[in-house]
Amino acid sequence: MLTVQHLTSGYGSAKILNGVNLDLGSKEVVAILGRNGVGKTTLLKTVMGIVATQSGTTELKGQNITKLPTHDIAKAGIGYVPQGRGIFDKLSVKENLRMGLRSRPDGSDEIPEYIYEKFPILLERSGQLAGTLSGGQKQQLAISRALCGDPKLLLLDEPSEGIQPNIVQEIGSFVRELVERRDISVLIVEQNLELIGLAADRFEIMVKGELVHRGLTSELNNEEMLKEYLSV
Amino acid sequence: MTVTIPLLSLRNVSRSFGTFKAVTDVSEDFGPEELNCIIGPNGAGKSTLLNMICGTLAVSSGSIHFGDESIGGMSGDKIARLGIARKFQVPSVFPSLSVVENFHVSASNALSANELDEILSTVNLSVDRDTTASELPHGKKQWLEIGMALSMQPKVLLLDEPTAGLSVDETRATSEFLRTLRGKVTVVVIEHDMAFVRDLKAHTMVLHHGKVIASGSFEDIENNDLVRDVYLGRR
Amino acid sequence: MEALIPFSLNALTLISILLMVSMGMAIIFGLMNVINLAHGEFITIGAFTLVVVQGLGGNFWLALIAAPIVGYIIGLALEKALIARIYENPLHAILVTWGLSLILQQVIQLIFGASPQSITGPFPGSIDILGVAYPAYRLFLIAFALATFAATILVFKKTKFGLDLRASIQSSEMASVMGVNPDKINARAFASGAALAALAGVLLAPLTAVTAYMGINYLARSFFVVLVGGAGSISGVAAGSGLIGSLETALSYEIPTTVAQALVLALAIVILRFRPQGILPA
Amino acid sequence: MSKSNVTRRQTLATLGKGAALAGVATLGMPAIVRAQSGPIKLGFLSGLTGLETILGETQLNCFKLAVSQINAASGIAGRQIEFIVEDDQTTTKGAIDKARKLINQDQVDATIGLIASLTHVAARSVTTPAKKLLMYTTYYEGDVCERYFFSTGQIPNQQIDPSVEWLTANEGKSTYIIGSDYVWPRKSADAIKAAMEAKGGKVLDAEFFPFGTSDFGPALDRVKSANPDFVWCMCAGNDLITFLKQFNSFGLGKQLFSQGLDDVFSQAEPELTNGAISDQSYFMGIESEENAKFKAAYRDMFGPKPINAIGEATYNAVYLYKAAVEKAGSTETEAVIDALGQVEFDAPQGKVSFASNNVARSNSILARANNGDWDVIKDFGQVDPVVPGCSL
Amino acid sequence: MTTTILNTTPGQITRKQKLGPASIIAIGIILALLILPAFVQGYTLTSYRDVLLFALFALSLDLFWGKTGILSFGHATFFGLGAYGMAIMSIHFSIDPAIVSLVGLLAGVGMAALVALIVGYFILYGGVRGAYFTIVTLALTLIANHVAVGWPSVTGGDSGLIGVPPFSILGWSFADPISSYYLALIVLGACLLSSMWVMSGRLGLILTAIQDDEIKVQTLGYKTPLLLLMTFAASAAMAALAGGLYAAGNGFVAPDMIALLLSTEVIIWVAVGGSGTLVGAVIGTAIVWWLQQKISSINASAWPIVIGTFFILLVLVFPKGPAAFVLDKVKKLRRDKEDDR
């Protein structure tokens, strides 16, 4: 699904990614772990074309998307939910979802029904300004909006941030459900081990812009490993 | 140095943005006897706290004192002139000025040639003295900014993630340097890098969701279950 | 009471003129944050479209349709050639658009000559409103400006383009994440602003002398309408036009017009000092 | 559109040719003559761009017509005329800068032209101290009394006084003045007030607007409330067009008088000017042999375009200057000025000559615009100019 | 605080380095201008005098725009205030001829500084920077122009005031071309050298630092709005000085000395010379003036097109100004040479 090779990128003189290699299979959910500031978010942004790639390649289903502009990467089939969710606060909930439709390959103008079924609150608040939603509702909206584009790959950046535990669980099981039912792969940057345990198949640990350790989700209770890479 | 440095003390300091409480009820004393660290996950309110100390943000409630002086509502430039210097998270230097010129701007009084040389050698930038700041590599920019803070001859040095983007060697050099300041300057460091904080053996305060959840020596903090949960995302 | 009718109609006329000349500015400056000092020349281009259309035997109504199209095309071409390179740097925008303004003025003057152009407007007579005769064309102008304003709001609220634009303005990064090409949106938004200004030019032509320099008269005022009304919202233009238009009309009954205009500008600076977001912020 | 396009190019072309043409002609003359006396240099200074563009082009054309006729007829006392055209952009700064250039750099023998009063005031501040001849060719407020300044246009006692006499007798005793904000409208308003009061009439109010005013609505509203018998407009150039457009649409039903209206305006905007009254020293409709020849020559050179009083007065000024140089036998300024008071010219409007106050004796014709042409209401004939207390 | 900033030199070395080539160029130019009257005279010399005064005006803009990075689109306001101050004082008031020029000049300079302080206080302390500052100053020029046109009893309205006496002080008159030329040269030279000297010191560094990061400068303990305001006022005063001398030199004022076009022309003069170099403003003015003479004598309407095209090229081809563009090339050549050694 997604193949990233020797990817480097950064801002100005500061290099953040120092050669990232990553393979993501079809219907696979991979979590990226690591301390703050090691480059996890930059990885997602680089894949998405928001941060320019300095060297290396990114391929989606065999298509080289390294040099594509962001909007074409979106159209190629990647949905992105950024840290902080990137909701258009001054647009209504429905308008936010309609924006999500822009990258659909089939050009459909209908918001998929399963989204409203899953998150009825979005239908209820359809005409309301998205800025007035609670944190959890915004996260639901952000994921739904990304799904409106019918992506093959979903990038999630810290979806649990600032959200109540019960909704974190809900999101975790929803991600699983998506993978099973809608044939989607997910790359997720997360610090919440509970969510990772619920949603991911395996994890990769990032240190100073490189992926240094990988493992199955079941290995996540290895205290020694956690201590080494994730501090305290 | 014989100058006595008054205590920087925070009492019930809070700050909210609209309904969001970024910092709640923080009380803490920072003195020069030991290095001080503030740790906590992203969004815990660390930078907000620093912003309030140096006057970039007003406190919503509570008080901040530097010695006898209440600095809670003071303007940034006044606070700076009391000797409270700050190094930003992203290296914040003047890119179009040379290294030396950066020091001249930041110095509170005109620097003599000796003082200038001293600072240059302290931050290892002697060879780069006439280099334009924008052309310095990332690590040297961090040092430049620390040097700028020093050139203010500060009594308090606030450092926001001084090791972000530094190599392992540079990080070690930074902690060595900071340890030399103990007793001379009140140092408050925001950090993520636990190895670095451990290295500093600093008095550590942990912020989470704007509240102090632990405070004490680094060993205490390291063995605090609550802190570990917060850092590993267990609830 | 009877004196109030012409006064309000005069105020409404000025408000409508300001509304028309400022709507394009509200998009280009208010929403896209581009300081466009060539805005006045888009107005001029509209008026000269009327000159050309009438020169070729067409009438006012044909020009009313043609001008926004001409404005759109010229706007689109200029955006692609110049404006797209200066979004990041306001100083560059100022220099480039001022240069553009000087060139457009001279080119128009070289083509058409310096003398005022003769044009024919519709509705030469006047109409009785509650016993007061008022020029029919001015009434048409008021109605047309309000209709254009409503239509612009509708386009922004209801169309795909409007949605894309509103989204891009909030975060062009997130809009592109959604699959929207920001370059395309910018180009179309700039061109729409130019089209609205050109439309204003046609409407102004029957009221004023049509010369290559006519647009410059409206530049500063449209900036202030947008700033005072609140940059970032289309509805702010109505507030800005309303305030500046009625104030200027009211003052002009009491003190010389020149002084009234200066006072209103000075007031606008004061408003900006205390309400930097304008009276109706986004 | 294409029409004015051609015109513009023609203008630029002829503009460029002026000096060259004269140069060629000079070379053609016997060497001895040229050595004794080079060409006579005239400066033409006026508003070719900016506010007064609509009038400046006609004025320049008439100047060129006179020069080319004179040059073709072996020049002034056998000397060809060379000329330099400068545009003052209807600004004080432009007029001063260009007048300086003409006098100091080009060293012209005399300067002819100018439209807006602010430019003659500015140009005079250069020419008079330099003791150089300046000939102004536009009707104006007429309060200058200087040896080095001559005027071939009307002044108030030739234009305003006769008009007021007829207007108060036929249109009514009250008027409302709207004008551009500068010397001519403001000073003329004083003359109008005096004239109206002398006839038992009244100026209800006078309002002055900055150049480039785009909305006269509130002013017209006040005119309506004041309810004058007729409206007196002294807006300049492009602003006069703006005013006419709005005045007509308001349908006040008031007679419009504007001594700034002439054939150039009426033919450019026949509908806007219809029914308005003006007083000028020259209209194209004047029936005389001189005028027929003048119009034909103008058409041959510039095509079928309107001529106005400012243009005709410019034409006259060149010929009067020629006569004076020939009489003085020299281009020396003092001698020419002395001679100017003693010469006359068979102008298209009739015989013109200067009175002792350096203003031309000229016609005063009151007429009403009728689909681009002017129907004479009353011809006051030639009126002697009166500048109180001025005898030079 | 401001005084310490002005007085302290940040290490002798720095100022010397900073002053180096620019001051040599500046002194060279002044020396060349000193002997210029030996080669030209009369009317031409008065033209050169006007160029010197416009150069002073450009210098004043560069002092603010070039050093703070904030573009004022309203500098003609201050030039105009200086000119009108001089004209109004000498025409409307019967002041002793011995001091009337001085009073007029002081009135103009004072008014300009006052207006700059008031407006500057409003907008600089209000946090208005960048593009908004530019638009507000643009409006300032329009207001000033409206006042100049709409208050004819004082300003002469659209026609302006004619009959300003030549500059004279205590019986010394600068009426003839040569003495008025030298007056302009002395004022320009003094302003140029002193502003270069001041700006090579700490104030110049701090202003550059404000351009880079104003918040950071505040956290270092400087009152940045005050520093900007003082620079703005000094710049306005210098513009008024140029305007006052211009009015006296030419004998009149008119609304186009306080108009938008002049505001934009001065931007070009500075931009051509390369903003921020100070001496560049003087060179730029001379180059543009010379070009304008050449081009507008070919075709009057060609000049605005040339300016317009130049503005666009300025941004797209040499954003630091053509002079800096050339200087950078030279520097690079020199550096390459040094590298070879």
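A, B, C, D and E are the chain letters, set down in written order, and residue numbers restart from 1 in every chain.
Rule of thumb we're sticking to: a contact is a pair of C-beta atoms (placed from the backbone, for glycine too) under 8 Å apart; a residue touches a chain by one contact, two chains touch by 3 or more.
Here the structure is a predicted model, which means the values were calculated and not measured.
*Asks:* Using the contact definition given at the top, which chains are in touch with both chain C and chain D?
*Replies:* Both chain C and chain D are touched by E, going by the contact rule given at the top.
*Asks:* Which chains are in contact with both chain A and chain D?
*Replies:* A chain counts here if it touches both chain A and chain D, which gives C.
*Asks:* Counting C-beta pairs in contact, does A-B beat D-E or the other way around?
*Replies:* Of the two interfaces, A-B and D-E, more C-beta pairs touch across D-E.
*Asks:* Between chain B and chain D, what is the separation of their C-alpha centroids in Å?
*Replies:* Averaging C-alpha atoms per chain gives centres 78 Å apart.
*Asks:* As a quick test, compute the distance in whole Å between the mean CA positions of chain D and chain E.
*Replies:* 39
*Asks:* So how far apart, in whole Å, are chain A and chain C when each is placed at the average of its C-alpha atoms?
*Replies:* The answer is 43 Å.
*Asks:* Would you mind listing the residues of chain D that make contact with two or more other chains?
*Replies:* 48-49, 181, 208, 210
*Asks:* Quick check on chain B: which residues sit in contact with 2+ other chains?
*Replies:* In chain B, no residue touches two or more other chains.
*Asks:* I need the residues of chain E touching at least two other chains; which ones are they?
*Replies:* In chain E, 146, 149-150, 301 touch at least two other chains.
*Asks:* According to the definition of touch, which chains form touching pairs?
*Replies:* A-B, A-C, B-E, C-D, C-E, D-E
*Asks:* Per the contact definition, I'd like the list of chain E residues that touch chain D in the complex.
*Replies:* Of all residues in chain E, those touching chain D are 42-44, 46, 146, 149-150, 152, 157-160, 162-163, 250-252, 254-257, 299-301.
*Asks:* Flag every residue of chain C that touches chain D in the complex, lowest number first.
*Replies:* Chain C residues touching chain D: 3, 6-7, 10, 13-14, 17, 51-52, 55-56, 109-116, 118, 120-121, 124-126, 133-138, 204, 206-209, 211, 217-218, 249, 252-253, 256-258, 261.
*Asks:* Once bound in the complex, which stretches of chain B touch chain E?
*Replies:* Counting only chain B, the residues touching chain E are 54-56, 76-78, 80-81, 85-86, 88, 92, 94-97, 100-102, 104-106, 108-111, 113, 116, 148, 152.
*Asks:* Once bound in the complex, which stretches of chain E touch chain C?
*Replies:* 71, 73, 119, 122-123, 126-128, 130-132, 134-136, 138-140, 142-143, 146-147, 149-151, 264, 267, 271, 301-302, 304-305, 307-312, 314-316, 319
*Asks:* Can you tell me which positions in chain A touch chain C when the two form their complex?
*Replies:* Interface residues on chain A, with respect to chain C: 48, 50, 69-71, 74-75, 80, 82, 86, 88-91, 95, 98-100, 102-104, 145, 149.
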